[in-house]
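First subunit A sits with subunit B, and in the next complex the same chain sits with subunit C.
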Partner chain A sequence: MDLIAKLNKALKFGSNSSPATLIHDNETAILAAATQVLNKSETGRALLEFASETGIRLHVLKNKKDFGFLPGKSEVYISCPAGQNMPTPRAVIFLAGALRQAQQEMTDVLKRPNAVTLPEDAYVRSMVAKDKDTLFTQTSVVYELSMVNGLLEIVDEFHRMGYRSLYEAYKEDVKSQERAGTR
Partner chain B sequence: MKLFERFNADYDTSYSAAAEKGAAANWTNVHALNAEQTNVAKPAFNPQFTPGV
Partner chain C sequence: MNWQKLERSETARIIDRVAKTPDGTLFSLATSEAVAATLPFYRGIMVVRLTNYATLPNFQLDFLSDGQVFYLLDGSPDPLQKVAARGALNLNERNVVAYVDFFFRHVTTEEGDIYLIRDPDDMPFMDSLSLDQQIRIKREHTDIRVGYNRDDDTFAVHSDLYFAGVLLKATLSVATDGEIEVSNHSMLMTPNGGGMRSTGQANTGMM
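And then the complex of A and B:
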């Protein structure tokens, strides 16, 4: 595909798409449910407080990408295909990931690396570190909501997303720390 | 014992490869697009083309 075709595709040239149409029809309901649940976990509450203090806006978009952070706009988004409703546990896990990515960026802990200026190995290392950190935050939220609040559906959803072993490993780590009195 | 040793080990074993693959593909795409833009901005010199002839 040539450059113009790529740009046209990216900009949806010639279609009726506008930025406003990217917002999911059920955004308000999805976000209300997700933030209410996220607020019940210690990690999630801290993320929502961070968003509130830094003026980060939350959105639900109707596209395919899972979640992310738009630094230029100070917005985090989670995505759900148009016409579908998002199960609350998945929205909670996505929102936790998106907010952590915003926190990585805004606190300079794990800023998004520049693919143009960095060599491939350094770029990949940095992106993997960000991914691991994001997943750690999501796993913490899932653990807290399930073990502390008894919301077991969120564990099932995390398993469906392919993170069963990660959750079990985290749980074992917490147990070990409790035995050692470090948590 | 290191904190979250099992989590770290499981991520490194089971999930980091996918993240590496995705990041490498992204890096390659960015550089490919960058190279195309450079080519559009600076057309190759054509010694057979002589302006005004």
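And then the complex of A and C:
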């Protein structure tokens, strides 16, 4: 099937009719495949081991964007569009991000600051640090999956998410560390 | 989009509606906020955005709603079809581009998102391209043209699209029930950066 035929198939009305629930109909299959991919990365494997040890539950919502960790319930949410039964590369990147957010919170490494007690600038600094750390983790996972496992489509997707220059900088940093023998 | 924050009571009602599903415990009134915006192509339907500030990071879901029924924008065309089937869609030559843009922002494919290029400088995927590719997109870009075909009661939107790493010039045929079909396409740029590879004017049609 050529590209336009695939596009028209996806746009066609009546191609998907799923129950009106937030949870994805193919959650089990998507999570099985996404965790399998994530497991191929050293960073991703460590995140999954952490989730297993701490009893974090994973969920997939019918949505095309976003991920998150709900601390009160120890639940991680990632998104995958309705009608799909395999995780998109973005869903794998989301899973890494959501698990890192969980790890930040549960290990007190970068716990969410208290907006009531903390001055505004300190609060903003803390939140930015959390986001940077999450993005760094996602970049590591993307790099490891592409360089070690040859999953280049995950790099393309990371680029499309707007992180081309970040990824290239990370790659250069790894190379220079390897040249210097520090990695 | 001109978002309006909803009253707490209205937010509570929305969460209650959403939470009626067995899995709807993701949002709670204490930690969530709802905003809504009107859309120029719908009568009596608004887009509602529910944000949960308890999740890390904040998590958002978008719905189409008449205030009673909430259709989750789930990445498929299904909720747009359901709303159109209620007779809420009112397309004309002035609002059809906004509809197509909204459609592509909320519907995705296994190959990734589809972008209607209204302004190349305002496209989120531009950072994923090399400088040469960015220059090529800007050079090839033409403004969107809209026409109405009385014979089959459809709108023709002639525009540039970016999809799966491919830049296309295409005609989008938009039916009055909101269904979109891409035809008359020519490729301007392929994923490896090749340019101006015309594929002719074939209507690839539906499956």
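The definition used in the following text is that the second predicted complex is superposed on the first by the 152 of 183 C-alpha atoms of A that agree within 3 Å, B and C clash if a C-alpha of one lies under 4 Å from a C-alpha of the other, contacts with A are read in each partner's own complex, and residues count from 1 in each chain.
Here is the rule we use: a residue touches a chain if its C-beta (ideal position, glycine included) is under 8 Å from a C-beta of that chain, and two chains touch if they have at least 3 such contacts.
What you are looking at is a predicted structure, and each value in this text was computed from that prediction instead of being measured.
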Could you tell me if A:165 is touching subunit B, subunit C, both of them or neither one (first, second, both, neither)? both
If you stack the two complexes on chain A, which partner ends up touching A:21: first (subunit B), second (subunit C), both, or neither? second
Once the structures are superposed on A, label A:71 by its partner contacts, choosing first (subunit B), second (subunit C), both or neither. second
Going by the touch definition up top, name the partner, subunit B or subunit C, that contacts more of subunit A. C
Looking at A:156 after the superposition, I want to know if it touches subunit B, subunit C, both of them or none. Which is it: first, second, both, neither? second
Touching A:50 in the superposition: subunit B (first), subunit C (second), both, neither? neither
With the two structures laid over each other on chain A, which partner does A:139 touch: subunit B (first), subunit C (second), both, or neither? first
In the overlay, answer first, second, both or neither for which of subunit B and subunit C A:82 touches. second
Figure out whether A:176 sits in contact with subunit B (first) or subunit C (second), or with both, or with neither. first
Overlapping contact positions on subunit A, where the subunit C interface meets the subunit B interface: 2-3, 6, 131, 163, 165
Touching residues on subunit A, where the partner in the complex is subunit C: 1-18, 20-23, 59, 61-73, 77, 79-84, 86, 88, 101-102, 104-105, 112, 130-131, 134, 156-157, 159-165
Write out the stretch or stretches of subunit A touching subunit B in their complex. 2-3, 6, 115-116, 120, 123-124, 127-128, 131-132, 135-136, 139, 163, 165-166, 168-170, 172-173, 176-177, 180, 182
In the complex, subunit B touches subunit A at residues 1, 3-11, 14-16, 19-20, 22-24, 26-28, 30-31, 33-34, 36-37, 40
Would you pull the subunit C residues touching subunit A in the complex into a rising list? 18, 21-26, 52, 54-61, 71-78, 81, 103, 106-114, 124-125, 127-129, 163-166, 170, 177-183, 185, 191, 204-207
